[in-house]
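Order as written gives the chain letters A, B, C and D; numbering starts at 1 within each chain.
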Amino acid sequence: MCRWLAYSGSPIALAELLYKPRHSLIDQSRHARMGVETTNGDGCGVGWYPDTEEAAEPAIFHATGPAWSDRNLLELSRCVRSPLFLAHIRASTGTAVQQSNCHPFRYGRWLWMHNGAIHDFPELKRDLALTVDPVLYPFIEGSTDSELMFYVALTLGLQEDAPRAVARMIGVVEAAGKKHGVPDLLQMTVAVSDGRRLWAFRYSTERHSRSLFFSTDVRTLRTLHPEIEALSHVSDGTRVVVSEPLGDLEGAWHEVPESSYGYVEDGHGELHPLTPVPA
Amino acid sequence: MCRWLAYSGSPIALAELLYKPRHSLIDQSRHARMGVETTNGDGCGVGWYPDTEEAAEPAIFHATGPAWSDRNLLELSRCVRSPLFLAHIRASTGTAVQQSNCHPFRYGRWLWMHNGAIHDFPELKRDLALTVDPVLYPFIEGSTDSELMFYVALTLGLQEDAPRAVARMIGVVEAAGKKHGVPDLLQMTVAVSDGRRLWAFRYSTERHSRSLFFSTDVRTLRTLHPEIEALSHVSDGTRVVVSEPLGDLEGAWHEVPESSYGYVEDGHGELHPLTPVPA
Amino acid sequence: MCRWLAYSGSPIALAELLYKPRHSLIDQSRHARMGVETTNGDGCGVGWYPDTEEAAEPAIFHATGPAWSDRNLLELSRCVRSPLFLAHIRASTGTAVQQSNCHPFRYGRWLWMHNGAIHDFPELKRDLALTVDPVLYPFIEGSTDSELMFYVALTLGLQEDAPRAVARMIGVVEAAGKKHGVPDLLQMTVAVSDGRRLWAFRYSTERHSRSLFFSTDVRTLRTLHPEIEALSHVSDGTRVVVSEPLGDLEGAWHEVPESSYGYVEDGHGELHPLTPVPA
Amino acid sequence: MCRWLAYSGSPIALAELLYKPRHSLIDQSRHARMGVETTNGDGCGVGWYPDTEEAAEPAIFHATGPAWSDRNLLELSRCVRSPLFLAHIRASTGTAVQQSNCHPFRYGRWLWMHNGAIHDFPELKRDLALTVDPVLYPFIEGSTDSELMFYVALTLGLQEDAPRAVARMIGVVEAAGKKHGVPDLLQMTVAVSDGRRLWAFRYSTERHSRSLFFSTDVRTLRTLHPEIEALSHVSDGTRVVVSEPLGDLEGAWHEVPESSYGYVEDGHGELHPLTPVPA
């Protein structure tokens, strides 16, 4: 169980969203309201694309301590401005607390983060690892289900067609679950980006998925969150996707429907159904 | 706000008390019930006296991560047996999360740990630091109010008469508070030991102190906590002092009264009133 | 490149060997003389079997910082006594600095530590991972070649016949190297124990292996190392195996021959040739 | 003993100087040539002023592990561009390895870093702490001599007249040394900045100070360091000050003379003698 936030829009300092909101991600690290656990203290991370003309690889920061006391995260969030960033606070479901298990994970220009779990992951791990392209395999650094899902999706074409690759990855994971007799196998909300496009997926085998919300109307957000100064300057197409709202719900936050995904590019957003592709 | 546990009795493995009880100290690191905060994730520590005939210095283990995910603490708690140990989980009231701010603190054969705070500590810190014996001053390693209270108490004779030194320390701290116009200055439950004797103090300027409980009757403890196997072997004089009970209250846990302290030595225990000695 | 030390004999405090010798393992963390690198600052670890009658699982301590500044390691080494322990300081050959990559690794009653490397490990990793018994696979926690060698050896019967399993593991690794066209594939000195027996292996594909020494004569050790007080009390069958001597060579330290292994049990020691079993 | 680097000039990515040079600061963390120790593995830090028109507080990053394996430092150095930054790798002279002891230290717009030591610091610490302005005292977070020197200098007017305040600080420290009978008291190279100006001081009581070098001629630097691409774009007034050169000496690096300081502002540099002001 984790919490995450993804931003796409006019460049802003990370701290505007990570620290300033009443119920910010940092606040959620100690006081999550909608999660299985109220505490998300098993590490944190942020990945951001630079605010430059030319295309560039994202940078990442990973820390093993709780987000609420990490001074480097605070410093960095104050000084780094980005038009597209992903932030994550972790509550381990069993795997080690170490930087290589912190989200977002990176491969080339791609970032990936996850909230949820593959049930009985230790039993399925080997089967899933075998499906990873041998060329990609050496890049797996940590021991989480989340990172392995990323590499399975990369193997299945994430860089060509992200939604289809995620749908196929779900199919592969669920097939492994069926083989091992694990019911209600997968729980996931996942954010993926290549620096230009942002996708946010919500899915679970039992069709009762972890919460996921997106903002559509920047004007309502501004009214609800006067404490986030940066919102007064951002373009109308700016979007935020979150595991749980940064304050009260009313008007500004919409739930991503069960078994669907959102897609944002250049201030334009879409919602689509998400149907697993059986392996 | 922190949580702590002190044990005096027949030698047992630390894990018996730190991990096995239903609402163990490790469980309290994520789900404290009686504290200001439910999370105590800003470091942890344990100090123990060896299970040997001859007198010896205590050993300490300090870690900056949350207790719930610290594997070294788990390993060590399983293999170390001790007749007298102090364990602490920290919720910082502002000072840095670092090993030198983890409890218990040690000076020679003495261990000290604290739950609570000196209000407006930054304002009073210099005045309090000046009261520390110049010979002791260089031994202060961290930046907490808790450690400074220890060194003030050492300066005022902790090693000769612990209860009187603590009462005098309170007087010195409250005098500094009065000088600086800080109301409701001090909140504290403190455990102190020299390896033979164990004291547990409960006090606050506003006379509304943080919770503190002690066990008296090992037989009731055994019945309430069948999951703590070691209790079946310990002597009847074994005592546990805790910020909050390790399970349900009924019968086994007694509250240390407001403004008083408990004292344990060789299976014998006493309760006394605690009256500050004005500076 | 790492340095390690293994001890088998009369129970002593770990600090006697880890800290007291002139050129102790802790000193080697900053000033190794015989290694490829003088600095071994990428984590450290110790695993020890308890000093008790009954058989018991070993305990482990892993830390990501350099050994020379780790206060917990110092505290623990002072208070823990053991008749058989393994200690390791790490110089990463590329994999992450994290506790799950620290040696010794543990599986049940077995401990394993390694100095050396599998060349081009990222290329071979998947092939080697596939050889691990699916039942053992989920226990792999880190990302090192060292841990994977352990699990390959476990798969090949380490618990039944340790020398043969290690010889077969070398065969499997070298076969994978041949397949991928990697010359001079393997460099290793490895220590393994089940708490009763201790094996120390020295091997490399190019037959030019990392240094490895063992002590035979406790009396000479006593004379050379008066600073290690504990040596005055230990039995004559006590043995120490080290990557490099704890002081000067003369008389006390013998080199484990190229492509061979030592074996110690109950104060009795043997040396045997080590011949890889082709896969 | 530490190593540090200070940069003032055209904005560049931190990595250009911290990672790219043959004998970069990161390389010096393992292989320092001119220091008392070859290893500087007790933490690292960087402080930088933002590359913006308006004046702004510097940001800082502090880590307790060795610089050579710190991935966050690498990520951050690649993406952060700054016209004025200070970087430091630490070799502790006894105080704890913790973030609050990492350089550079910050107070408001001011950054401070230090290589060297106050001999017998524990004995002098209290006397020096007492000279700190009570208003500044609560801002001291760590336990090093370096940070305390910063606060003594701030007390003595660093923000009004930096060279004079440092000269007076030396006087105060040496007076304390004389009182306690400590010979050869102070060793220091210090870098200070307010974001616009940069000072670099070299001094020791015994007049045999730690090494300190500065670059004057960017064209020579470019020729000597073709691997630092950014140098091809920086202005001619760009200056680098280092504990030891980033490669070979010839031509590009000049030693700061004994008992003197350099001063850089807007591409203009000066050298002045440094004479302690007796307390």
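What we mean here is this: a contact is a pair of C-beta atoms (placed from the backbone, for glycine too) under 8 Å apart; a residue touches a chain by one contact, two chains touch by 3 or more.
What you are looking at is a predicted structure, and each value in this text was computed from that prediction instead of being measured.
Chain pair with the larger contact count among A-C and A-B is A-C, by C-beta pairs in contact. Just one of C-D, A-D or B-D has an interface built like that of B-C, with over half of its contact pairs in common by residue number: A-D. Work out the mean CA point of subunit A and of subunit B, and you get 40 Å between them.
Residue positions of subunit C touching 2 or more other chains, listed in rising order: 99. Against subunit C, in their complex, subunit A makes its touches with residues 96, 98-100, 122-123, 125-126, 129-130, 134, 137-138, 140-143.
Residue ranges on subunit B touching subunit A, taken from their complex, read 30, 37-39, 41-42, 64-66, 69, 92, 96-97. Residue ranges on subunit D touching subunit A, taken from their complex, read 48, 50, 59-63, 71-72, 75-76, 78-80, 99.
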